[in-house]
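Each of the next two complexes has chain A plus one other chain: chain B in the first, chain C in the second.
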Partner chain A sequence: MKILLIEPDKILADIYAYALVESGHTVSWQPDAQQAVLTADKWRPDIVVLELQLAAHNGVEFLYEFRSYPEWQDIPVVVLSAVPDVSLSSVLQSQLGVVAYHYKPRTTLEQLLKTLDGLAISA
Partner chain B sequence: MADLSGESDVGQARLLQALAEQIKMPLMHIARRAELYRDQDETRQTLLQIEHTANLALRLIDNYLLSTRLSQMTLALEPVSLSAILHDTAEALRPIARQYNCELELSVAGKYGPVMAHRNGLQAALLSLGHVFIEAGRQPGVKKSRVTLAAHRTSGGIAAGVFSETAELTSATYQRARELYGRASQPLGELTAGSGAGVFVADSLLAAMAAPLRVASHQKISGLAATFIPSRQLSFV
Partner chain C sequence: MNQIVTTGIVLTRREFGEADRLLTVLTPDHGKVALIAKGVRRPKSKLAGGIELFSVSNITYLQGRGAFSTLISSRLLTHYGQIVKNLERTMLGYDLLKILNKATEDAAGEEYFELLRQTFIGLDNPDLDRRIVELWFYMQLLKLAGHTPNLRKDAAGNPLDASAKYFFDYEAVAFARKENAEYTPHHIKFLRLGFSVPAPAILSQVETALDLLDASLDLIKTILKDHIRI
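Right, the complex of A and B next:
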């Protein structure tokens, strides 16, 4: 699967990308929303993994823009964020098509991979 | 007399929140890196322990954020050498700068006498600030970012701070972010992707030594700095 990883921290991005590539996925890392939209347009990802705390435009703004394009309506978005807001999670899932919400400090690589592999199987 | 205890409680709570937010990131690095390598390394048991410790610490910090407030903190001032503190801070930041492909520079033009500050508090503030600027410089495909630890004379004393071409803060934005901190998850979106916690750790520590953090520039590069009053007592030594 082609995974667009939107993660502002370089070290964490390296770790996630390494784990995803080891599991057979292809990864494009982008640290901010603007670059992520451009990459999505050129690269056509199968899944987006998104941190909500991004510089300039946050992850929710990215989601609204991302979902405004008809061709990206059905691309699964997995939120992997340091924001622990449960109420935000339900809003994102019901209104913006977020398929899973992982609180980053308590999500192991194994749990993330399990979610992504599950999406890959159902795709 | 005005009752300042409530205000102090709020300040201390915000500092604690900032500290807790800031420490999450290195703990996540430890936890996820340990998990990544635990099946590929001879020191599997050690890495498992690291992973467990870091995950436990993350959980504790989250709980602590909800339940505790720091007691009142006062920082006693003493004559300290800014040059020495900046040098020590740069050395402490170099390992993390290397991980982020960041070129860390020290710019202490001229000789300064001692200033009045709290040695450990100032170093902690500059470390926090430096860490934020190093993290903020990351970009895929960009080989190196550059962060400068610097001191220079101003009309009010000696300014010391952290500067980077990545930082594009205005005074108005920073003032607004200060007001929002603790109530908004991302008050410093122009500078950092996270909570901006390190900036507010520095802000709180420097405010406690009556040297508030301000938007500043050094050799036409913008950043954040605090101004310190030279120590008259030792200026003749």
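Right, the complex of A and C next:
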């Protein structure tokens, strides 16, 4: 699966990208929302993994922008964030097509991979 | 074609084709306008800056005969940039845009434009509790739609009593007296003020505002759902 990884922290991004590639995915890492939209336009990802806390435009803005493109309505978004999931209501998560929410401090790489592998199987 | 110059706030944005964008813009003098912004997603687009969300912009468009008019120029007047620096405020901002869009007809008047502008000013102020802005927005929306609850007399038509307690009678859209009920005259005065003030910051000056906020917000949200299609 082609995974667009939106993560502002280079060190964390490297770790996630390494684990994702090791488990057979292709990864494009982008540190901010603007670059992520441009990449999505050219690269057509199958899944987006998103941190909500980004510089300039935050992750919620990215989600609204991303979902405003008719051709990207069905691309699943997995939130992997340092922001607890209570901050993003379940109604809003469903409206914006967030299929899973992982709170970084309580998520192991194994759990993230399990979610992404599950999505890959159901795709 | 008729050229219109006005001020606008973007309510919705949707991508269209390779580089265009469809917008619903709220204006003070032409209601809600459906616009097509051509080429706006190209990197050097001159229109892009003027159609940011959470902003007020000067816009010029050609009134079309079809569903969409064509945006020909835009200039950013005020961008409420603090809103997007906070996730909760950003989410609330998007929610309130969506509610206002659903609750208004195409011919929405200037008062709705002012409501949204004041809401942005409130959300842009990091010192102002976002729930106060939310409460004020809902109250003003109810007021503009003609659904202000009766806050002067109780459901039986008697003047409100400073020492009594009340519950809210949703059928009568008024408070009714009941021992040990949830609402005090402080809540009712707080709501009365909220419906009358022109900006949410004024509401925050009530000393006990934060104590009265949760119950007031729950009540107003319920009234809103009963009376306005959102």
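In this section, the second predicted complex is superposed on the first by the 118 of 123 C-alpha atoms of A that agree within 3 Å, B and C clash if a C-alpha of one lies under 4 Å from a C-alpha of the other, contacts with A are read in each partner's own complex, and residues count from 1 in each chain.
One rule holds for everything that comes next: a contact is a pair of C-beta atoms (placed from the backbone, for glycine too) under 8 Å apart; a residue touches a chain by one contact, two chains touch by 3 or more.
Since the structure is predicted, the reported quantities are computational estimates derived from the model, not experimental observations.
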item	value
Joint occupancy of chain A by chain B and chain C, clash or fit	fit
Chain B versus chain C as contact partner of A:Gln93, first or second or both or neither	neither
Touched partner set for A:Ser68, first chain B, second chain C, both or neither	second
Touched partner set for A:Asn58, first chain B, second chain C, both or neither	both
Chain B versus chain C as contact partner of A:Gln30, first or second or both or neither	first
Touched partner set for A:Ile15, first chain B, second chain C, both or neither	first
Touched partner set for A:Val83, first chain B, second chain C, both or neither	both
Spatial angle chain C-chain A-chain B, Cα centroids [nearest 10 degrees]	80
Comparing the two partners chain B and chain C, which touches a greater set of residues in chain A	B
Which of chain B and chain C A:Glu110 touches, first, second, both or neither	first
Three-chain overlay, closest Cα atoms of chain B and chain C, distance in Å	5
Doubly contacted residues of chain A, that is, touched by chain B and again by chain C	53, 57-58, 83
Contact footprint of chain A on chain B as seen in their complex	24-25, 27-29, 31-33, 35-36, 55, 58-59, 62, 99-101, 135-136, 138-140, 185-186, 189-195
Contact set on chain A toward chain B in their complex	8-12, 15-16, 18-19, 29-32, 35, 51, 53-58, 82-84, 104-106, 108-110
Partner chain C, residues of chain A touching it in the complex	52-53, 57-61, 64-65, 68-70, 83, 87-89, 92
Touch list for chain C against partner chain A, complex	13-15, 53, 84-85, 87-88, 90-91, 94-95
